[in-house]
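Two complexes follow with chain A in common, the first pairing it with chain B and the second with chain C.
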Partner chain A sequence: MSEQFEPILVGFTCNWCSYRAADLAGTARVKYPPNIRLVRLMCSGRLDPAFVIKAFAEGADGVLITGCHPGECHYLEQNYKALRRYLLLRRTLEQMGVEPERLKLVWASAAEGVKLAHEISTMVEEVRALGPLDWPRWWNENGFHAVVEEQAQEVTA
Partner chain B sequence: MSTNGKPKFAMYWAASCGGCEIAVLNTGEKILDVDANFEVVFWPVAMDAKYKDVEAMPDGSILLTLFNGGIRNQENEEIAHLLRRKSQILVAFGSCACEGCIPGLANLSSTEQIFKAVYDSVTSENAQNYRPQFHTTMPEGDIHIPKFYPVLRTLDQVVDVDYYLPGCPPESHQIAAVIDLVIQVLNGQASLPLKGAVIGAGQSTVCDDCPRQRNVKTIKAFRRIHEVEELDPELCLLEQGIPCNGPATRNGCGALCPKAGAQCIGCYGPANGVVDYGARLISAFASVIDSNDPEEIEQILDQIPDPAGQFYRFNLAGSLLRAGKPAWKQ
Partner chain C sequence: MKKQTEIEGKERIGVYVCHCGTNIAGIVDVEDVAAWAEKELGDRGVVITRDYKFMCSSLGQELIEKDIKEQGLTRVVVAACSPHLHEATFRKACENAGLNRYLCELVSIREQVSWVHTDKVAATAKAKAVVAGGVERVIHHEPLEALHVPIHPATMVVGGGIAGIQAAIEIADAGFPVYLVEREPSIGGHMAQFDKTFPTLDCAACILTPKMVTAGTHPNIKIFSYSEVTNVDGYVGNFTVTIRKKARYVNEELCTGCGICQEKCPAKVIDDIYEAGLGYRKGAYIPFPQAVPKFPVIDKANCVFFERGTCKACQKFCPTNAIDFDQEDEYVTVEVGNIILATGYDLFDPRQISQYGYGRLANVFTSMEFERLSNAAGPTNGEIVLRDGVTKPTSVGIIHCVGSRDRNYNNYCSVICCMQSLKFAHLVHERTGATVYNFYIDMRTAYKEYDEFYQRVLEEGTLFVRGKVAEVTDAARLSIEEGKLIIQVEDTLAGVQRRIPVDMVVLSAAMIPRHDAHDVAHLFGISCSANGWFIEKHPKLDPVATMTEGIFIAGCVQGPKDIPSSVAQGAAASARVLGRIQQGEIALEPVRATVDQSICSGCRICNNLCPFNAILFHEDRMVSEINAALCQGCGTCIAACPAGAITGTGFSNEQIFAQIEGLMRVNFQHEKMTELA
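Right after this comes the complex of A and B.
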């Protein structure tokens, strides 16, 4: 009997737009799945690609990056920088076997609570369909040899 | 420290190319200082010795072991544990031991893909499609060869490491400086650095040692060096569209490559404070691109055809993700 897989998403939000959008969704009682853990940054430009890679390495099944709409960043052009980082990061991760659907960039203004909730719900379903990424399993303390053995069994079985 | 005679020295190679050993020999007459101050007890490339000789030594009896190479198979792992037990100071020597280096790039491929490349390529004659058997039963008895692991690991992912000496290979003058330091420590003239320190390298980035000028110029295209008609001899290579890894790479080589007109490919590994080497480069490369238009950015990025290889050439096994998923989910 298999339970439904509940993906874990990490969402990086901008203090001036998407974080407020998520807040607005909350006050307006717009529902979105509890699978996402939101982290507030001052701006999408603060998003170091290492945050995303660390999230995947430590067990996230998907990462959502959000920021102010183009032209509306409070620090001028930082969301464009986030866009360039995201596009390059997605290519790199794809080569490492992380499906592009697991990393998304969405623009959401402070007024777009409904839109953000919708984007989150869609992404949760897409990642659910992909299944678990399960990165840390391979690297747990003493996990290495357990996994090697397990694979050897699968091969011979 | 050994009481009778000189302190003991060992050097070992695991999954590596042999370049680190050459770099040690390249220290020239410094090698005589090693001989004058140490008793070399184990060094497969230079002298005959058996693993069982090492096993017979008391634990902690080797003062200094330089360990180069990554941990690719069972033998590498066993010797890493053995030398850890026998050594007071274990140094991850060179990029392979520190961060996986070129052998670590195989962490993007499954074991089957690796075996295919080795045993079924145009350069191998293998009509019977032989594959290594880790365990074979013969009339005379069982034969084992070391198991091949699904990924390569760095030395410190397998045993406790005291110091890191980066570089592919480490520059000989840096090795000589470390040998001098150890001899000074032996003579009570210096003390050892803090455990976990990076030795024989700088504390900042290749860019800091690079004489090229950075003008915060942005670019519309990445180009490979042979595609550039005339390289500006003074300007930063990255600002000329040449994918240079200097911004994330530890200094210590003296910025050899950009000085000679070639991009840094990152052989000294991550600089101080870099959490993930590739992530730092992704930020740096994203900053020089002169476009805010998704389509145009994608076109520019097409000119980096192998981003994982560009950003993790030496560092994949040591990076936060350590390997691509194909290596695991076979």
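Right after this comes the complex of A and C.
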């Protein structure tokens, strides 16, 4: 493996548009870096913010949320809800010390395989530039913030 | 956060890695993936792993079935192509072996790995991650039962062109009711405007109008003409569709279609639609003599009475008192089980290519204008003449690929233009004896008897110039060019520039998606390509279905097509619908949300999130409940519930969390993860 940092991205796709865009990128043999791993949801509205936190907590360096274009959600308008959660999540992550650029939202219709591949490639490079997140390092096995707990122990000690 | 992977590995999981010939095995080391899964995922319950050339083949499926029976597998993970392709196949295999079909997970290592990556090592690592994700996820799968919903026997066909008419008649003939909705006053579509059809040259009206009459008189077909769909509710089997019947100011119950109103109407209007701007119609009009239904429409925008408050000539003369100036748009709601969209195409406006001079140079015509010129029932009674209405051309240039196969406009081939241009060449030759030039990029005459037609037109003496026309101009340089249109073109076969003077130019304009294709797609909940063509479920194997259950497409709405293909698609779509109706019910994915009422705090956050109003609130007990019949399984409420009281089958939090853990099990820098662990 090369010396350069290889980030790992988790991508959330919706069953109707962006997952199909990923399929189309495949059938059209469009190339993108292997740094992303996709999870299929029925709709971007299914995206529980906890999924994103979970991905970071498991060691992901970036998370890509994808869904149908506004107005094209298979369930009418659930992607607007995903959009709201995304905006909130970015702020929350920032407060947790995670660069908001590590989370990105992209709309991709079932016909936009090339676009999705392009967005993935761009994001991989962006996250590569940010460097590793290594968030799990911050948590101890009880699920507490390691540094905070250490401090707490010091105080009680 | 409690690790999902801490759950005891008590399942017996089989992992099957497909080579897909060399499609996967060419990039991913499939043997390595299988061996890795056996070794590394053994503690997760993986008891058997196999790799096989074609998992989807009957032998591959038998392998799985045999293992389920002999090894007592309780879960199956197949790493192969996209679940959209073969999920059903492998679920079926599980079911055959007595395992609940939803205890199987298909992960994509073809579309998402081997086809998009080039680095073999990295691709293999990713494939392992994807497999691990699938294994972790499948542990949390539950046995489910498909949901069965009844299919309403009525069908709606939107668009009354040849594809829609064909579909409607087939279904009606099989004995089931059809609502045929058409935006224009009459069904018939573009085909009703044509004179001859290639390659047989039979007259369009002769073959179309009998079908129109059949559709109009069929006891099982109800036509809503001059109408549009405004709303679609529900889902496969049970759609509720609202149709706006635009006011035609004619009482259809009383009208006999005698046409006296049309005769008496003083308002003369250029007919942009049916006559392509070459002819006139009245303010009160029946678009063409064979229209179905035969009721006229009073065009409010061009009616003297609506403009000035007096006239009512039509009303005075109507023998049955059918004119009703007070009529208003009417909204009708119907219940249908399936919908076929056959809304057709628009034509490219050649004004966009200003160097071809359409709209500026009088004797440049569009293909549709030419159709009307050559039509015996058209404005010139079939005389092919110049814009002055009398002069016969002595030379005609026909330009192919106007707005298609052109990076500036549309990349695609518009399919019909070559044959249409050959037909034009033949008609000009036959009716005027003029010299005909066809300017083409490539000659595309696929399909039965098309190339024979090309040979025939060649033999008739039409001159073919291979090259894309640069310009059509009236600026003469030589005396023989005076008063002519000069076509400037590079003849790519001879390798010379040519200037060819002609009297008339016909532009074979591309078929383009309907201007409102995106809105229509949105209304019916299907997707369309960036261009605006509706997307079929599978380009080869499922060309008339869409990703939305119960919505089918036929004809040019899916892409440019000739008449035989449109008819075939109309028939194909109706066959699919009839199959559904015959079965009486359809099995749907059991992806649904449910509220655990013992946890629900009654905060009602979910209530307003549901786009289908499936969540009701029990005021008495202060808890929410989801109506399974209305829930479509998008999962938004699950993600929003602060109490975690809502769970979703098929896509539960546990399943997704576990999948994420699995996906992250393999790292590029393996040390990184081990160090953390």
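Operating definition for what follows: the second predicted complex is superposed on the first by the 135 of 157 C-alpha atoms of A that agree within 3 Å, B and C clash if a C-alpha of one lies under 4 Å from a C-alpha of the other, contacts with A are read in each partner's own complex, and residues count from 1 in each chain.
Operating definition for what follows: a contact is a pair of C-beta atoms (placed from the backbone, for glycine too) under 8 Å apart; a residue touches a chain by one contact, two chains touch by 3 or more.
Note that the structure is predicted; figures quoted are calculated from it, not measured.
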Could you look at A:87 and tell me whether it touches chain B, chain C, both or neither (first, second, both, neither)?
-> first
Given the touch rule stated above, what does A:37 touch, chain B (first), chain C (second), both, or neither?
-> second
Looking at the overlay, what does A:59 touch: chain B (first), chain C (second), both, or neither?
-> second
Chain B or chain C, by number of chain A residues touched | C
Give one of first, second, both or neither to describe whether A:98 is in contact with chain B, with chain C, with both, or with none.
-> first
Of the two partner chains, chain B (first) and chain C (second), which one does A:135 touch, if any: first, second, both, or neither?
-> first
So, does A:70 touch the first partner chain B, the second partner chain C, both, or neither?
-> first
Quick one: classify A:50 as touching chain B (first), chain C (second), both or neither.
-> both
Can you list the residues of chain A that touch chain B in one structure and chain C in the other?
-> 48-50, 53-54, 57, 77, 81, 85
What residues of chain B sit close enough to touch chain A in their complex?
-> 108, 147, 149-151, 153, 275-276, 278-280, 282-283, 285-287, 289, 291-292, 294, 297-298, 301, 304, 306-308, 311, 319-326, 328-330
Chain A contact footprint on chain C (complex, rising order) | 1-2, 82-84, 108, 110-113, 115-119, 121-123, 125-126, 129-130, 133, 521-522, 525, 527-530, 535, 547-548, 591, 609, 611-612, 632-636, 638-640, 648, 650-651, 653, 656-657, 659-661, 663-664, 667-669, 672-673, 676
Spell out the part of chain A that touches chain C in their complex, as residue ranges.
-> 1, 6, 8, 10, 16-17, 19-20, 22-23, 25-27, 29-35, 37-43, 45-51, 53-55, 57-60, 68, 71-72, 74-78, 81, 85, 109-112, 117, 132, 134, 136-137, 143
For the complex, which residues does chain A have touching chain B?
-> 48-50, 52-54, 56-57, 70, 77, 80-81, 83-85, 87-89, 91-92, 95-98, 133, 135, 138-139, 144, 147-148, 151
